[in-house]
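Note that the chains take the letters A, B, C, D, E and F in the order they are written out, and that residue 1 is the start of every chain.
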Amino acid sequence: MESRKLNANLELLESQIEAAVDAALAEDLGLGDVTTRALLPPDLTGKGVVLAKEAGVLCGLPVAACVFRNVDSTVSFKPALSDGSRVRPGDVCATVEGTLASILMAERVALNFLQRLSGVATATAGYVAEVTGTKATVVDTRKTTPGLRLLEKYAVRVGGGRNHRFHLGDGVLIKDNHLAALRAEGKGIKEAVALARHAAPHTLKIETEVEDIAEAKEALEAGADVILLDNMPTEEMRRVVEVVAGRALLEASGGITLDNVRAVAQTGVDLISIGALTHSVKALDISLEIS
Amino acid sequence: MESRKLNANLELLESQIEAAVDAALAEDLGLGDVTTRALLPPDLTGKGVVLAKEAGVLCGLPVAACVFRNVDSTVSFKPALSDGSRVRPGDVCATVEGTLASILMAERVALNFLQRLSGVATATAGYVAEVTGTKATVVDTRKTTPGLRLLEKYAVRVGGGRNHRFHLGDGVLIKDNHLAALRAEGKGIKEAVALARHAAPHTLKIETEVEDIAEAKEALEAGADVILLDNMPTEEMRRVVEVVAGRALLEASGGITLDNVRAVAQTGVDLISIGALTHSVKALDISLEIS
Amino acid sequence: MESRKLNANLELLESQIEAAVDAALAEDLGLGDVTTRALLPPDLTGKGVVLAKEAGVLCGLPVAACVFRNVDSTVSFKPALSDGSRVRPGDVCATVEGTLASILMAERVALNFLQRLSGVATATAGYVAEVTGTKATVVDTRKTTPGLRLLEKYAVRVGGGRNHRFHLGDGVLIKDNHLAALRAEGKGIKEAVALARHAAPHTLKIETEVEDIAEAKEALEAGADVILLDNMPTEEMRRVVEVVAGRALLEASGGITLDNVRAVAQTGVDLISIGALTHSVKALDISLEIS
Amino acid sequence: MESRKLNANLELLESQIEAAVDAALAEDLGLGDVTTRALLPPDLTGKGVVLAKEAGVLCGLPVAACVFRNVDSTVSFKPALSDGSRVRPGDVCATVEGTLASILMAERVALNFLQRLSGVATATAGYVAEVTGTKATVVDTRKTTPGLRLLEKYAVRVGGGRNHRFHLGDGVLIKDNHLAALRAEGKGIKEAVALARHAAPHTLKIETEVEDIAEAKEALEAGADVILLDNMPTEEMRRVVEVVAGRALLEASGGITLDNVRAVAQTGVDLISIGALTHSVKALDISLEIS
Amino acid sequence: MESRKLNANLELLESQIEAAVDAALAEDLGLGDVTTRALLPPDLTGKGVVLAKEAGVLCGLPVAACVFRNVDSTVSFKPALSDGSRVRPGDVCATVEGTLASILMAERVALNFLQRLSGVATATAGYVAEVTGTKATVVDTRKTTPGLRLLEKYAVRVGGGRNHRFHLGDGVLIKDNHLAALRAEGKGIKEAVALARHAAPHTLKIETEVEDIAEAKEALEAGADVILLDNMPTEEMRRVVEVVAGRALLEASGGITLDNVRAVAQTGVDLISIGALTHSVKALDISLEIS
Amino acid sequence: MESRKLNANLELLESQIEAAVDAALAEDLGLGDVTTRALLPPDLTGKGVVLAKEAGVLCGLPVAACVFRNVDSTVSFKPALSDGSRVRPGDVCATVEGTLASILMAERVALNFLQRLSGVATATAGYVAEVTGTKATVVDTRKTTPGLRLLEKYAVRVGGGRNHRFHLGDGVLIKDNHLAALRAEGKGIKEAVALARHAAPHTLKIETEVEDIAEAKEALEAGADVILLDNMPTEEMRRVVEVVAGRALLEASGGITLDNVRAVAQTGVDLISIGALTHSVKALDISLEIS
């Protein structure tokens, strides 16, 4: 079947796209499109174009393609650009051709995915541009939309960012609340790192959150592979960078905005994680026009 | 079972909440939380508070409750406020008590729902406040996050808005693309409304999109129950309001922002639909702190 | 993939058919067809015909096609007629050709769908014929077979009827039990219609059930868009028609049979809803014969 | 959890009921009950009774109970009778008490199950009564409603009938089409029975369809455990009964009606299978009234 | 679609294979293959061979084919042998060709199925070889891997065995625990067989477990169709065979090993059931090598 | 609900157990247990014990508990031991009490889980015992039973082993086939490690497979965090241990048996991964006896 192949960029399996698309179509189509059924003769065919209405980074074409295909496999969806393309208002992203009834039934769901994923990619690209020339990498968080994590993390990659943990099983990250919980038992960062080293799969690095330079030192001594500097002033970050001196990866997190991301990157941290990439997405304006 | 009842406000069935929660937990927990498993003894219990970190309208407490319950039904989640409560930074939204391992495994998913839904409710409340004193009602659109339509539409109600169509089956809305498609057959608004009246279930009103006052008149004569004024200048809207004179409901749509929504409302339209309520959500900052 | 397209008549999405078909095949095939496995060599091919054994309106060919395809996509199923065709005993509805083992494993499920849906279409067509020449439209109800609502409502359309609500979300229908519940609060039809107008999506009409002419007047004054006359004598219906005089749609319901449907239609009501179309279906006799 | 136990009569697992109920509720509730949400305050409680409106055999109370429980577990559903009880018009089958909004949202789905299953049980009981005093047992077929086989076969048992195969894996039944397919290979009943004996699990009897007394003899000689007499005149059946003389079970099938079932039973056959028990169900009239 | 056809050997429906494969892929791929994504360019194509590393009976090629197809339908998987083929170390079982990234993502799951099913088939073939020349048939049990029963029972057939019950609904087997439960009511084998005869579908034989020759006689008199000799010494089995003299099928069960199976078969029993065929599988060593 | 809590040992979420249990029950119960339904009165209650029949490490009690609870929540299942307990023949593992029909319907599925998981735990404990006193840790692989990975990896932990990757997303493991694929592009271990470092989430270590000491050195220089020694002679392993000198973790893999595992451990490697722990499980003999 045509629909079961890896995308050219290897980033998503079609089966994973299909699951999200089918859920969205079920939600939107419910028991049918009464308007289209009433208005359009089933044999009426035509064309439409997917148009960018504002500037940004396009993302989600394979998802949109899947939406049209799952509504009606005889509709042809031809991307004119690729995921990752920079678009300007008026750019044609793709063309669709086939039964108009099918095209109109698929339109909203296809756009909902395209607009949201392009919004994530565009925001990511904005942060990535800001840190150009520094050694810092922009990464996402687990603050994703429930149900869309995989797609949103793909959009972060398309926007030029890298991914942090996908879920609680593919990374050890000792957070403030873990430490608060351990404190009741008289344990601190040192014991936490040791416990994690002992019990977690050996394929995972140990990352721990710290709040100040003292804790950062403690984490380093405990043997943490990655140290997350939580809401730390940039000056203090700079000092942590000096102290750690490459013996662990350093990740800045908390309160990062477009305004301060460059200053944070210039402290020399390795990674900057930004929840807003996925928790506060502004959709990119994209529309479909029947021609 | 406790979990299977209607919420006090009748808005959501627990089974519908459970479906979204289970999908999100599956996505986030994957094959287990390696950090928590490594660090916390299973019998360690404690307490946490869910804290608002910025001002807004709280939404999603029953969803957060479901997250904790589905991870561990022995964890007690006690709301301190209700959905719809206005919060300020530092307000305690809820307390959780029980096995700390369970609380930490549920934390992120619970917050992801709370932050997003509170973001929708807060944005809606902002628009609703702007139109106070006019006859206009703020309504949402189908531009929702794939997979979360039901919850986001609930958040719109919690924020004081009303819901437009839930899906393509519960309202007839003849859009520009339907009309473009019909044009090839020599048909216009008049024929479209007649076709819809003939074939759609009699329980549904007929709504049609128009682009100018001439089309609005045509729609009115065709017997449309609701007329959607798409991206129309406010002056022209005002004239449509006069011409229609209550014989159809009027809905303004397209390009509505907090800056112009009051001007739009003052034209006398009945409804103002705003895609950004759900397609461009800024999460409300809420956190969980183990005490 | 071939299977993912809209049917020529735009009525059903293949994905919706597939869901029902897969459930039925799972139920019937269980862990395999021990008889066919034991008896038939896997490379034995042949032909069969789907034959009408009694007169009626054929319905369900796309569903039957899906059954054969999902058991074995190399089986060719060729409809000889279309959904909506009137059949007489002996008419060939379709031919199937391919691996006989596959055909026999699919036979019962395909016929179960065809017989039931043709039964619904045939019954509907009987009622529609009775009201010819009147202004009344035959509509269905929510008294459908659990799990088959979409298909049965399609069969009603194939039989010449129209659909009432698909589910509780796409129409406001204030029933006797709602009114009984409100009565405890001192509210009646007037308040009920006002509440519905205020809170339900503006895309939906407000329909209310009434038991006599006095309530019908109350509903009209309350602004109901549709008034359902529940088990009302035809004479009283006639008077309601006069009083309402086109200011609301009138729907007759309750106790409608083939014997009295014409008399009901002649009262001048707009709609006649009949639960028996779907709750008491007599299967149309259809069989498959290997030739 | 209360809901996970075997029914008193051991016939159905709650988990099997739940699956059917959840599917039906999803179909009927869709994205919510707009009418109830608009009209009823969430804290309004009350009572209702489930009333028989015509005479028959009641069936489906555990399913109806599950519907109310899954909508709102705080609603109390108390059966006043049991599955298998004979009801007359006006009999109270059960009472429900609790939040009225919940009761009204569950009503239609609960009644759809109750009416259909009671219809099956009532029809079965009618046939069983007709054959009283003969040795014949009334059995069902695989001509069940897609998706409801388990429940409908339960209703047959409640009505006093017995079950034939549940699916293609729990019985060997060599039908006319199998024989037609084998004929092309020069094989007949004898070879078919031998093939089945050789390859099917040894836990299953071998049943074969025959069209006349000659074939019945052939089947007997081939060692069939059960012989299905398809559409055979009663006189011929009688002769087959004599010839077989208890060496195989005899099942009459095809064209059995309430008018001829007693005559068929009096031929001395062991089993009479009747597709109409499940393929042409007349719903029993049952309603819910808020008091 | 290509994937929906019966296998040449009629044993498995593709849809049943797909369900197991999709579950296994979801489990193994999770949110993506980070190694392959990082290393391999998406357009790099190549070839691999599936190689037997030890001697045995090959089983599972259609399942492996499905794994590759569901990861990437453009990968070509060509079996070089068939299910049931005897392999020796170094034998090429199949070749795969296409995108290397896809092949590597599918490799482990495909091998997990192939190795396990070939293990079952190989073990079965071992027992079948031992009983050559006797009248005994080797059959499996319900002691299968949770979730893989259908595939494992297929592997037993591929290995030359036959299948016992698939599940609790397709065979009556009165076990020691049933008898222990009935004893409290003063009932024994005789009553148990009578109860089963009365209530179970007539398509099923009645099998009962017995512990010694006395019980075997009781079972025979009660009319059992099959008698299961549980953990009986071979000498006693031999006497049961004589006493029963073909009037019921005899099944030996319990403690059967490769060492004693021939002795058991030589007692003259009809069936020998062996739990170890599926509950203690030694995977056959098979690997995939990129060439 | 009782069933939704973390197990005391924090290892498994009930929801994950439930999924596996429900699938297994569906497979085994099918459309009902005809034997039990026919034989046992629904109100007959009694007791049973779960007995070990051979020595080993018990594992799966929470899964068995879930099986009984999901068949009938009124059955009481009381563990007498815990997961991880060493059992000897005759040890009572748990007692069950309640409706006998329910107990018998649940028996086989409960035992299938218990026997298999105890088999995995017992095998693991055997290997762990062999390496006592060395620094080596016994770990599992992805060679698990399709559909049971989570449970089998839990059983490995219960047996005293540790887990390797859960799936392809939570560890970077560059295998021989990845290297073979890269070779076509002129890339080797060095480039592979660099590519992985660049693109994989920073939370993951980089592990690479090597075949000899030369490759091991190359991997070390490339900066691999873990080096997998594939099928390497123990003497060569020893030299690799010396060369690497703690600068990377070393994992031995391939051809490990109970006979050679101690020799491998004594080379000084950190980890020994053994596919047979899960791909070739010998079920531990456990039974249920009604008393």
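Assorted remarks:
By our rule, a contact is a pair of C-beta atoms (placed from the backbone, for glycine too) under 8 Å apart; a residue touches a chain by one contact, two chains touch by 3 or more.
Computed from a prediction, not measured in an experiment: that's the story for all the values here.
Both subunit B and subunit D are touched by A, C, E, F. Among the remaining chains, the Cα-based centre furthest from that of subunit C is the centre of F.
Here subunit A and subunit E face each other with different sets of residues for the most part; under half of the interface numbers are shared between them. Placing every chain at the mean of its C-alpha atoms, the farthest one from subunit B is found to be E.
Note: centroid distance subunit C to subunit E, computed from Cα atoms, is 44 Å. The distance from the centre of subunit A to the centre of subunit F, each centre being the mean of the chain's C-alpha atoms, comes to 32 Å. In terms of their C-alpha centroids, the spacing between subunit E and subunit F amounts to 22 Å.
Residues of subunit F in contact with two or more other chains: 1-3, 29-32, 36-37, 40, 149-150, 166-167, 169-173, 199, 201, 204. If the chains shown are joined wherever they touch, the resulting network links each chain directly to all the rest.
By the touch rule above, subunit B contacts subunit D in their complex via residues 1-13, 15, 149-150, 153, 166-167, 169-170.
On subunit B, the positions that touch subunit E within their shared complex are 30-31.
Contacts from subunit C toward subunit D in the complex involve residues 20-21, 23-24, 27-41, 44, 46, 48, 100, 104-105, 107-109, 111-113, 115-116, 119, 142-150, 166-175, 177-178, 180-182, 184-185, 192, 195-196, 198-201, 204, 275-276, 279-283, 288-291.
Those residues of subunit C that touch subunit E in the complex are listed here as 1-3, 22, 25, 29-32, 36-37, 40, 42-43, 69-74, 99, 101-102. Residue ranges on subunit B touching subunit C, taken from their complex, read 137, 139, 162-166, 169-173, 199, 201-205, 207, 225-226, 249, 251, 270-271.
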